[in-house]
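Pasting the structures here.
Each of the two complexes below includes subunit A, the first together with subunit B, the second together with subunit C.
Moving on to the complex of A and B:
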C-alpha cells in the first residue's frame, strides 16, 4: 500500500499474535462462563448440552416429560393457539401431531424440519423447546373416556375482562428459544405444517431479559418493574414433582398449563410513586425483598407491625393475598412479558404479562390462589386478565411416536420406558 | 478593613447560594408526584377536639377516594382498643365505630389507607373525652397529620415506615440552611467587633 504506514514483518506478526491471543482469551472466558452455568444447574433437572456458543445449546427431551416445562425459561416465547378445523377429527389431529412432533424434535436439535424452506434458520437452536397441549374440547371429543385426563375449564373470575380473541383453543404450542430469529422460524414451520388441520386463533409473543444480560437463575422483572416470581417451585425441591407432574394415570409424565394474558395499565401505574408501588406489592422494588426483609428470598413477616400497630406488609398487598398457608397451592410459573403496538390506545401500546403456570392439578393448586386475588389484591387496580385458557400437556412422545399419542391411541404403541 | 470587606462578601455570597438552594428545594418538591397525592383533610371528631363523651364513630375524610381495605386503630387512654367492627370505606371517607368502657382522657386514632391511585397515607389524630388533658401535641386537621405523632416521623405523603416525609425534608433543609447562615452571620460579627 503506497503511502500508507509501513508494515514490517515483525509488526505484522505481533499484531496477528495479539489478535489471536485476544480471541483465544475471549473464547476461553465464554466457555468458562458457559461451563460454569452448566455446573451450577440442578443435577436432577434435564441435562443441558453446552456448546461453545449460546446459539448451539440444545434442550434434549429426557425421560417422560416434554421439554419446556422444567427447562429454565428461555429469553423468548411464542405461544400458538390453534382451533382444529371442523373436519379434522381424531385422524386430522393425529396427523397434525405427528408432523408437528417431528418438526419440533428436529428443530430443537438444530436440524432443519422436513421440507424446510429456510434450513439455515434452524442451525442455531439456542435452547429451542416446543411444548404441546390439548384444550378441554379436544379431551372431551377426541380422547376416549378410558384414557381421558380430567381437565375442567377455569371458573369465571369477577375481575376478568376476557376477550375471546385470547380465549381457549383446541391445541397449544409453547415455543421458547433464546434467539428470536430461530424462534420465528420454528413458529412459522409449525404453523405451516398445521395449516391443513387447524387455524391459528392467536399467537402470544413474550420475552424475558436476553440471555446473558443477568446471571442465569435471576428472578425476572415484569414491565411494572417488580421482581416477579420469587416464590416459585424449583426442580430441586422435593415438592416439585408431585406439584408439577400429573398424578393422573391418563396423563402420567404430563402436566397442565394455565395461560392468563394479563394486561397492565402502565399509564395509570406511572402515577404511583415508589412507596405506593411497594405497598401495593408488599415487596421492595430494588431488591424484591419483602417489606419486612432485606434480601429477595427472605420470608415475609406478615405479623410485623409499624409504630402505629399496622402490619408492615398490607394484608391486601399482592404478596399477602397470593400467599397460601396450604403448601399445595403452589405451581410452576413460567411467565413472559409482552408489549405490542396498539395505536387504538392513547399509550400506543398494549403491555402486560403472558402468565404461564404448570400444575399437576390446576383446580386444586391454581384456582384457590386466583380466587383470593380476584377477591382482593391491591394490584388489581392496575392489572386485568384479558385472556384465559387451560391445557393438558401430554408426556413426551413415545420412542418413534408423537406427542399426544398415549392419549389419542393408547399406551400400547411403543411406550417409552421412563429413564 | 480589607479583611472585613472580604468576609462580608463571603457571607453575602453564601447567603445567596443558600437562598438559591432553598428555592430549588421547594420548587423541586412541588414537582414530585408525592405532593399531589391524597392527604387527610378533615375528621370527625376533629384533631384536638374536646368532647363530653366518646362519639359513636370516628370518620376521616381524605382529599381523594380511598381503596378498601383501610385500617384504623383507635386507642383509649388506658391503652385498650376503642374501635369496634369493620372499617368502612365510602369514597374519600373512612370510618369505624367506637365503643368499650370509654374512659376519659386522650384517644388516638391511627390510620393507614391507600388512595385509589395507589398512594399510602399513614397518620394519627388525637381527641379528648371529658376533662382530661390532651396528651398529644394537637395536630391540625389538614394534611399535616404528620405532626400528630411524637415519634420521629409520621406522614401523609408516602412514607409508610418512618423515613422523613417530603415536607419534613423541605423544612429540615431550610432549617439547616438558615442555621448555617445565622452561624456565619454571628461569626462574621464577632470577628468584626
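Moving on to the complex of A and C:
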C-alpha cells in the first residue's frame, strides 16, 4: 500500500461527506458536514476545525449503510451492550429498535429525541453517530432462517482472559461524538428508551484525540505510545467495499463488528526500554515507520537483515505477526483508548484499547489474524483481551423504518439493497 | 453582577494569557497561548479554534499562582488523590513534589517528562495544566507551625452520604487538558513518578464541552441539562483576588480547593417535568435565565410575585438557597461532569458532577453556602455528595524550585509573594 490509500472524492460525496486526501493516512479524510451541507475540502496542514462550529457538524446517514462505520473516527466513544429481557421477543426488539433508531436519527442531526428530558444537550451534534448491531442469539432466536445472516461467535483464543462482565450481548450501539457532553446525553437517551426491553450489561467508554489537536486523518497513538492503525482499510480502496460490506444477501449494506476489550499492562510495559519496544512492535515509536523504513506508510521489508544476518524486523514482532500474505485477511479498524479508575490496581487505573473491527466476514478476515497473534506475538506479554463479542451490523434503516427492519420484517418496506 | 464580569485584559496578559470578553459569561475568556506567545484576541462569535493548532496551545505558569485556578476550564479533568506512604515523611513529600513539579512544567509546555516512557504522547499540550494541593494531614504533620496555613476539614453535612473511596487524601493534582490522550499520558506520568512516595486513592475523571463545540466562555451545562455556573467569580472582578487568593501570609499566592463528588440521580430526575425542574432550580432550562428574568446573567428578583401573590422564584429553589446576601460568600467554581460505567446500577452508569471550588477561606466562603443548601434546597432530592475533601493549593513553584517549597522549606529560595 505505498503512499497509502486515499478517500475517493466521488464516493464520499455520494454518501454525503466531504473528503480530502491526507499524507497517505488510512483515515486521511474527515466527514465534515455542517448542517447537512458538505463543507469545503481543505488540504493537508495544521489541525483546524472547519466550518462555523465544530459542534454543529453532522454526519448524515445517506444510502444503504449505517453511519459510524466508514465515518472517520470521532474523538469519543460510548459502546453500549444490552441483553434483551426474557420477555422481549421479536415484538420487544422491534419496538426497541424503532424507538432507538428514531432517537439516533434525531440526535445525530442535532435535534432532541422524542420526550428528550434535556433537549438542550442535543443542540451540538459534533459529528454524533449511532451504529446498532445484533448479537448471535438475536439472529438465531429472533430472525427467521430465510433472512438470517450467518454469524458465529468468535472461537476461543488461548491467551484471552475473558471476563463475562465484558462479554457478548444481544444488542450493541456504537455511539461516537467529538463532544463528551453531547455523547453522554445521547447515550443516556438510548439507555433510557431501551430500558423496557433490555438491560445494560456494559458501557465501554473510549477516546482518541480531541478534534483540532492534530490534523484530521493523523493515525492515532494508543496509550502504549504506538502509532496504532497504520495499516487500515480506507473507503477509497477498491477492496474496501468487498472487505467491509457484507456479501450475504441477508445483510446487504450491513457488516459485522468485532469488539475486543484489550487491557494494557502499562506498568509492565514501563520496564521495556525504547529499543526493546521497537523490536516488540516492529515499528519506530516516533514516526510509526517499520524498522526497515523511513515513514509511517512505508511497506515493511520482512526479508531485510542487519549486518549480522538477523532479520531487521523480528518475525515475532507485532507488525510481522499481524501481517497476512492473504489480502483478504484485512478489515476496518476503528479503535479507541480507554482508561478507567480502578482502586484495586496499584496504578489506580485500568487502561487499554476498545478494539473495534468491521469486516464482511469476521471468520475469514479477523479470526485467522487473531489466531496468528494468539499463537505468537511479542506484544502479548503486555496486552490481554478481557472482553470479546461480535455483532451483525444491519444496513441503514429503510425509508421511514428502523435499523434492523430488513432482518426482523424483511425488506418490503425498505429500499433495495445495493449490488 | 449585571452584564456579568469580564476578564481584565491587563491582568490576564500579565499572567501570560490572552483574554477577550464574552457575552457576559463568568468564564468569558480563554487563555490562548500558542507556543508561549499570546494569540490574537477574538471577539464573540461562533465557536472556533484559534491559532494554528488547538493541540499546540499552552498555559504557562507566570507570576505567583499555579496554573489551573484562574485558567478558563479545559475540556477534560483527571483529579488524582494520593495518600502518602507511611514512611514518606517530609523528605519523601519533598522529593515527590520536586519530581512532579518538573513533570508538570515540562508536560504543560508540550515537552516529554524526564524519563518519559511515551514522549510522543506529550507533544500536544492542548492547554494542559497541573495544579497541586496538600490535605490537612500534610499541613499538620509535615509543615512547620510557623509556615502552616490554617486548613480545617469540612464540617459534616446532614445530607452527605460520603463514601471513603472518594474521601480526603494527603495530596491532590488537578490535571486539566483539552485533549483526552494527552491528559491520560500526563496523569499516568504523575502517578508513576509519585508511586515511591504515595498511593493513589482515587482518580476522578470529568469532562465539560470539547474545545470548539461552543464559543469559548459559554457557561457549561451539567448532565441534568442545567446551565451550571452562571454566578461565578471572573478574574477581572475586583473581588476576585481577595476571594480566591489566600490572605494568609503562609499561603500567599495560593488558595484552597474544595472537592465535592456529587452524584446525580438522573433516573429520578427524569420523572420531573420541565416546569417542575425550573421551579426546583429557579432558572429557565433553555436560557439559564432566572424565572424573573430574560437572559442568563439577569439578576434574580426574589421579591417578585405572580398574580396569586406567590414568589416567582421559590424560596426553596436552588438559586434562592445558593445565593447569599453576603458578597464575601462567593468562590470560584470549576466543575466537571462525570459519568462512569457502573454495572450495579440499572442505568449502567453513575453520573454527576466533580464540583471544584477555589476560595481564599473555605470556612468563611464555602461552608455557609453549603450549610444553607444542606438545610434546604429543592435540588437535594436529586443530588447527593458522595465524596468530599479540601486542600491547600500552594503558590507557583519558586524559580528553580517545586510546588509546595514555600510551605515545606520556607521562602528563602523563591521569589517574594505578591501583596
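Everything below uses one rule, namely that the second predicted complex is superposed on the first by the 363 of 419 C-alpha atoms of A that agree within 3 Å, B and C clash if a C-alpha of one lies under 4 Å from a C-alpha of the other, contacts with A are read in each partner's own complex, and residues count from 1 in each chain.
As a convention for this text, a residue touches a chain if its C-beta (ideal position, glycine included) is under 8 Å from a C-beta of that chain, and two chains touch if they have at least 3 such contacts.
None of these values were measured; they are calculated from a predicted model.
Touch criterion met: A:276 reaches subunit B, while subunit C stays clear of it. Touch counts on subunit A: comparing subunit C and subunit B, the chain ahead is C.
Once the two complexes are overlaid on the shared chain, A:178 sits against subunit C while remaining clear of subunit B.
With both structures placed on the common chain, the touch criterion links A:309 to subunit B but leaves subunit C unconnected.
Contacts of A:381 after superposition: subunit B is touched, whereas subunit C is not reached. Applying the stated touch rule to the two superposed structures, the overlap between the subunit B and subunit C interfaces on subunit A comprises residues 269. Per the touch definition, subunit B reaches subunit A in the complex via residues 32-34, 37, 67-69, 71, 73, 110, 112, 114, 116-120, 122, 124, 149, 151, 154, 158-162.
Taken together, the subunit C residues at the contact with subunit A in this complex read 46-49, 52-55, 75-76, 80, 117-121, 124, 126, 165, 178-182, 184-185, 188, 191-192, 195, 199-205, 207-214, 220-221, 223-225, 266-267, 269-270, 285-286, 337, 339-341, 343, 346-349, 351. By the touch criterion given at the top, residues 268-269, 271-273, 275-277, 279-280, 291, 306-310, 312, 314-316, 376, 378, 381-382 of subunit A touch subunit B in their complex.
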